[in-house]
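These are the structures in question, set out in turn.
Next, two complexes with chain A in common: one pairs it with chain B, the other with chain C.
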Partner chain A sequence: MKPLMLQGHERSITQIKYNRDGDLLFSASKDQKPNVWYSLNGERLGTYNGHNGAVWCVDVDWTSTKLITGSGDMTTKLWDVQHGVPLASIKTASSVRTCNFSYSGNQAAYSTDRAMGQNCEIFIIDVRTVDASLSHQDSTLRIPVLQSKVTAMQWGTLDETIITGHENGQITLWDLRTGKEINAVNDHTSQINDMQLSKDGTMFVTASKDTTAKLFDSDSLMCLKTYKTERPVNSASVSPILDHVVLGGGQDAMEVTTTSARAGKFDSLFFHLIYEEEFARLKGHFGPINSLCFHPDGRSYATGGEDGFVRVQAFDNSYFEYVFE
Partner chain B sequence: MPAIDDIKSSWADEVELDQGELPAPSEIIENGHKIVTEYKYNNDDKKIKVVRTYKITKRAVPKVIAERKTWAKFGDSEHDKPGPNSHTTMVAEDVYMQFLSSKEEEKANDNILDQIKNIGKCRICSGEHWSAHCPFKGTVMDTSKLMESKPAVPAAVPAETSKSGKYIPPFLKDSQKGGTGMRGRDDTAAIRISNLSESITESDLEELVKKIGQHSKMYLARDKNTGLCKGFAYVHFKQRKDAAAAIEILNGHGYDHLILNVEWSKPQNN
Partner chain C sequence: MAKKKSEEYGGDCEADGEYGEEPNFEDPEGFVDDVTDEELLADVLKQKPCETDGVENVVVVDNIPKVGPARQEKLKSVVEKLFANFGKIVNVYYPLDEEETTKGYAFLEYKNSAQAEEAVKALNNHRLDKSHTFAVNLFTDFQKYENIPEKWEPPTQQPYKVQEDLYNFLTEPDAYDQYCVAAETGQNSVQVQFWQNTIPEPTDLETRERFTDTFVKWSPLGTYIVTFHKPGVAIWGGTSYNKINKFPHPGTQFVDFSPGENYLVTYGPTQTGQKIIIWDIRSGQEKRSFVSDNMSSMSMFRWSHDDKYVARMCENSIQVYETPGFYLLDMKSIKIPGIRSFSWSPTDNIIAYWVAEETDVPAKVTLMEIPKKREIRNKNLFNVADCKIHWQKSGDYLCVKVDRFSKSKKDKKDADVKFLGMFYNFEIFHMREKDIPVDSVELKELILAFAWEPVGTKFGIIHGDPSNANVSFYEVKKGQKPSLVKKLEKKLCTHMFWSPRGQFVVLGNLTMGTLEFVDTNNDFVVMTTADHFRASDVEWDPTGRYVVTGVSSWKVKEDTGYNMYSFQGRLLRRTMLKNFVQFLWRPRPPSLLSEAQQKEIKKNLKKYYPQFESKDRMRMTRASKELLEKRAQLRAQFMEYRNKRIAEWTEQKSRRLQLRNHVDTDNLDTEDVDEEIVEFLVKEDVTVLE
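What follows is the complex of A and B.
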């Protein structure tokens, strides 16, 4: 299948996400307008206009009615997915780096940067009561993070925990009932760029600047597998139907001009989940891949790059017929 | 006398101008295909016709997805027509997944090994027999033992750095000199091979010396213009005994109808 190239952003893509049904694809970029697309034909449904800074993160709840975005303009916004209007804009003390809806969609978490004399903090909000009057004081829980700042986040099992990945490579599990740290591991040696849960949520895959991606158990934070590459990994995703992991990455943006796209550093790498071995790669972007994810049906995947494009690539039969030896 | 201003444009351009406005874009739906025809000017101000054909397909989807399909567009896409807007949605070139088959890699490795075996046949004394039967077979070990027992050969083999292909910044050269002195450096295990044939390549050379021992670097002198070998090469072994063995074995060895001359790399005359 020919890939679809979605050109809705003027700057590099920061995060892309499918909704639960996989019919919508949300993309956030360093320009100020997150976009939503029909994943099937690449038609743009709309843009969420209202932020005044780079949008670092985006997430949609499981009913595809609410969207949360976090931005460098020191707000996190909740949106009506259908109409593209903001439901609430929550002011923060520094820019918002990560945001996630819980599995139930009743709560959302977002984290702020350590900047301008502010500590990194994690906020939990109840989105059922959300309206335009919501401000940061209304969060149900506030966890100050005194160590290295949070750069990636996921909700843990039963919405009782959250898992954060940090700038120094640490991964921490937090109990939301007490607001205390339960467990922390230091398998990675450099910044965690992305964390994505497997389909059943029992495992998650991390992407780190230390050129590896690792598979962790969601409850014990035990490192199960390591996928080694020769480049910083910006994003990793687990296939929902096959034992495959896809990794995307590339050099830092500042080093990109010295690299030819032909060097193959901007390919998506497909690894076998269990054997930790790379078995295929796929070209596409002419810059590093910043974010990627599998379609929930596992038959296509999408990548967002530093080059500002989002590519939706359906897999050919050769991918499904491939047998790992 | 006509002024230059009078000559506005060539007749070809005027014909274009006469037609004035672009024809309106049209959309035809037939046989399950939507054909969109647009007219626009390209970079050379020439009118071009753009025809896009879309296939209309029907899919059975869950209710929620079907409902979302009917949503009105909003934000920057508010004024877009139904269907993909060609400004934001493009179909890219087909790219194919490259599978890294581990089997093929193994095969390739086997081939390389076979080649080495074949070379090994006549490598030691260039005789037409297996190396296992070569009368000189033991000499490698013997010479290397000899080398160890002998007092160190007058080393004084200076830096080869300027001759080897790699550029080494001056400050590094200095630190090498100051740090380790003249002896005990890698260069003491360097040999010079001369009377090489013109057609020899780096890989040939590598095959030639691979059998003897590990080398850290090699330099094959090439003519700047023709790219052909100038007839000599330098090989830096990791171990001095390997270099000694190489001299023992390769000196006088016939290669490509020429008899090689192998000696210790000599100091460069400054």
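What follows is the complex of A and C.
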């Protein structure tokens, strides 16, 4: 089927996310304006105007009422999804690299870059009631990260833990009651670009610059599977209905201008979750894929690229009929 | 430093003096010395001066011209200049007769024996002029030949060394081909892997770390593989690729085998040009060496198909050497004024060469029979800028590509000749027909590639602009002009690679890495297109069943590796290999079956076909069975883990519900989305129909 091309961003896409129902698709971009789209037809509902810098991350809570974004303008903002107005803006000491709502949507976490003499830090905030006063309130928990900076983050399933991926490839599990590290693994050798939970949250898939993606257990951080490619992986997602994983990546953004699209390998790669075998490739973007995710119903997936486009690709029947023996 | 040491030593001695009484070193009474000096101090004795010292530095030069006193200075300077190339001459002596004329020989002394030996090697049989050919010997040879014992002693029998079976690789029952893959692992160290191209997965036969310094090369029949090292080259063969022989030629950069694998030519640069040595492969003996003062391909030796002759081009002549003695054929080179290039027929002892155009003389392509040196065909050509000689592999046809011009201009500044209005002729020589008729095909567009079908009667030409090229296929028939059978237009290709068995051809663009597989017996249909970005090499296997494209780290640093395709262009395997440099199929010698036997097999192919087919199918099912078993195991392991986790997850359900206000979100409720169709009235138009 022909993919939907969502053209609305002027610069490269940094992160895309579906809401829980899958009817909305949120996209964050370096052009400062996160967008929201109807995932069914690719129509743009609106934009969230207010940031003054590249927006690095976006997340929507499970009720699709609140949106959180983190930006290079050294703020993280909470938005009313429906009306597109900012509810709160929290000043930070450096760029906000990751942000996520917890399972319950009562809490949110965001992390800042180690830059301008500031350490990388993880903040946990209470977002049960969001208004302008949030910007003055202290965060419920503040964890300074002294080693390598946080480049990807996910909440554990029960609001008790968070998992962070770091620039040096380390993955750390934090206990939020104590603010202490529970476990850390070093299966990856280079920066973790993305982490996404499986549908039930018991596993997550990482995407790393070391050209591999790996599947981990969310509690023990045990590495279950490894998916090998030839290029840095920027994003990876687990299918909610089939034993499939999709990977996207390509050249480093810096090197993109010097490589032709044919050399860059900007395809989405489909792997079997268990057998670790690549079984399909899909072309599309003119640059690396920066973020991708499966639709919650598993019948389509969306990619956001360095080329500024978001593509929504619905699967043909042959995709569902294809069976690994 | 040495002085200081001895001083220290002296000092010690003085200190030792304090120890008083010296022990007795005298031999006990009745002692017989049964240790000879040789046993005791062999190494010191070796350095002992002996009578012959200096004599081995002397060479005797015979057959120098006999000249009177007037011209002796001149003679001396000529001779000494020649011999000074090998070291400083410290002493000369030209014996004179009563009339003060030189006696026709001279003695020259070098500083050491190595220089003298070098001079003998290089200048023995040196032709000074028509009537004087030097005979240079070591002075010590006199002694050597004088001391030959009267009584002949039969040589002792050497123990028989079992020769390894060098053709073992041909006995593979399923005729799987071998290939080698070279990858750089460090500076001057290349790892080489040998593989057998078995179904369904290739088998690793052997991996050799640091096998060669630069690259490897197979001999033309696949018997040997040659490696390059600082001291020279080595050849390897047999079941486990053992060293067969080595050829000490330091700094060898390139080698060439004779087609019958009897001789090896090594090319190594020297300060002024290059040294070329021809070796006998089996004995490892140096047959002849040449020093050439230029590096160009001019000095390349070219072999006749049967190893009988080897030829090279010099200015205005071809030198043909006869094996095994490596003397010039009839002791003289063949004078061909203005010769530009030559080539041997791949099946007959015929040389094709062309000479450039002179002011009033046209350019000429000539076929010459060797050893009779008889010209069997001549073809005059006008307005020729350049020629390329292409023999068909079976020697039935010869094509000379002639670059012609309608106008030429001499650029005064550069003294370069500029050609305008270029067009191209292909002169086809029908070698097997009486009097060798010649046909011509003309094309106006720039020629990018030309290639004969190795077996068969077709040839292909890529012409036009590289980004929008045309590919023309011609067929040659007995007694007829070549006819255009197909023209493929608007292709993106620069090179063409015929299957060694003919019929199939791969059109490739080696800058982009696009490939097209064409079946020339089936209306030239493009069977498949493939894409291997920046592929720089295309290699057919010797049986024409597989094609390999490679991205070599000699050219590109990223994504090096090789892809293997079937002859129809189906991608079979993709292999990424860091610092991959070379992929080489092991060649095979020609079939031993006669033409009739081959025909017989082709006729009964249907009979053999199911046999092979079932064999292959069995292998594939075995492989897929293994794969399925492996997958089943993986699946079982994973499911065990998953079930445990899912159980844990289900237990946590109440806590999850708590977190989300008792809304069960575990199962999506988006399944029953109602599709609502909303219609808007956009515009209303009224069109009046006439």
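Criterion: the second predicted complex is superposed on the first by the 320 of 325 C-alpha atoms of A that agree within 3 Å, B and C clash if a C-alpha of one lies under 4 Å from a C-alpha of the other, contacts with A are read in each partner's own complex, and residues count from 1 in each chain.
Rule of thumb we're sticking to: a contact is a pair of C-beta atoms (placed from the backbone, for glycine too) under 8 Å apart; a residue touches a chain by one contact, two chains touch by 3 or more.
Since the model is a prediction, treat every value here as computed from it, not as a measurement.
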| item | value |
| --- | --- |
| Three-chain arrangement built on chain A, chain B and chain C clash or fit | clash |
| Which superposed partner A:His51 touches (first chain B, second chain C, both, neither) | neither |
| First (chain B), second (chain C), both or neither touched by A:Ser104 | second |
| First, second, both or neither for A:Pro296, with chain B first and chain C second | second |
| Which superposed partner A:Leu224 touches (first chain B, second chain C, both, neither) | second |
| Which of chain B and chain C A:Lys33 touches, first, second, both or neither | first |
| Chain B versus chain C as contact partner of A:Asp200, first or second or both or neither | second |
| Which of chain B and chain C A:Lys66 touches, first, second, both or neither | neither |
| Contacts of A:His83 with chain B and chain C, given as first, second, both or neither | first |
| Which of chain B and chain C A:Arg114 touches, first, second, both or neither | neither |
| Of chain C and chain B, partner touching more chain A residues | B |
| Chain B region in steric overlap with chain C, selected from 5-13, 41-49, 167-175 or 257-265 | 257-265 |
| Intersection of the chain A residues that touch chain B with those that touch chain C | 21, 23, 325 |
| Chain B residues within the chain A interface of the complex | 59, 61-62, 64-65, 68-69, 71, 73-78, 80, 83-85, 87-100, 102-103 |
| Touching residues (chain side chain A, partner chain B) in the complex | 1-8, 21, 23-24, 33, 35, 37-38, 40-49, 64, 82-84, 270, 277-284, 311, 313, 315-316, 318-319, 322, 325 |
| Of all residues in chain A, those that touch chain C in their complex | 20-23, 62, 103-106, 157-159, 200-203, 217, 224, 230, 262-263, 274-275, 296-297, 324-325 |
| List of chain C residues in touch with chain A within their complex | 512-513, 531, 533-534, 558-559, 576, 628, 631, 634-635, 638, 641, 645-646, 648-649, 652, 655-656, 659-660, 665-666, 668, 670-671, 673 |
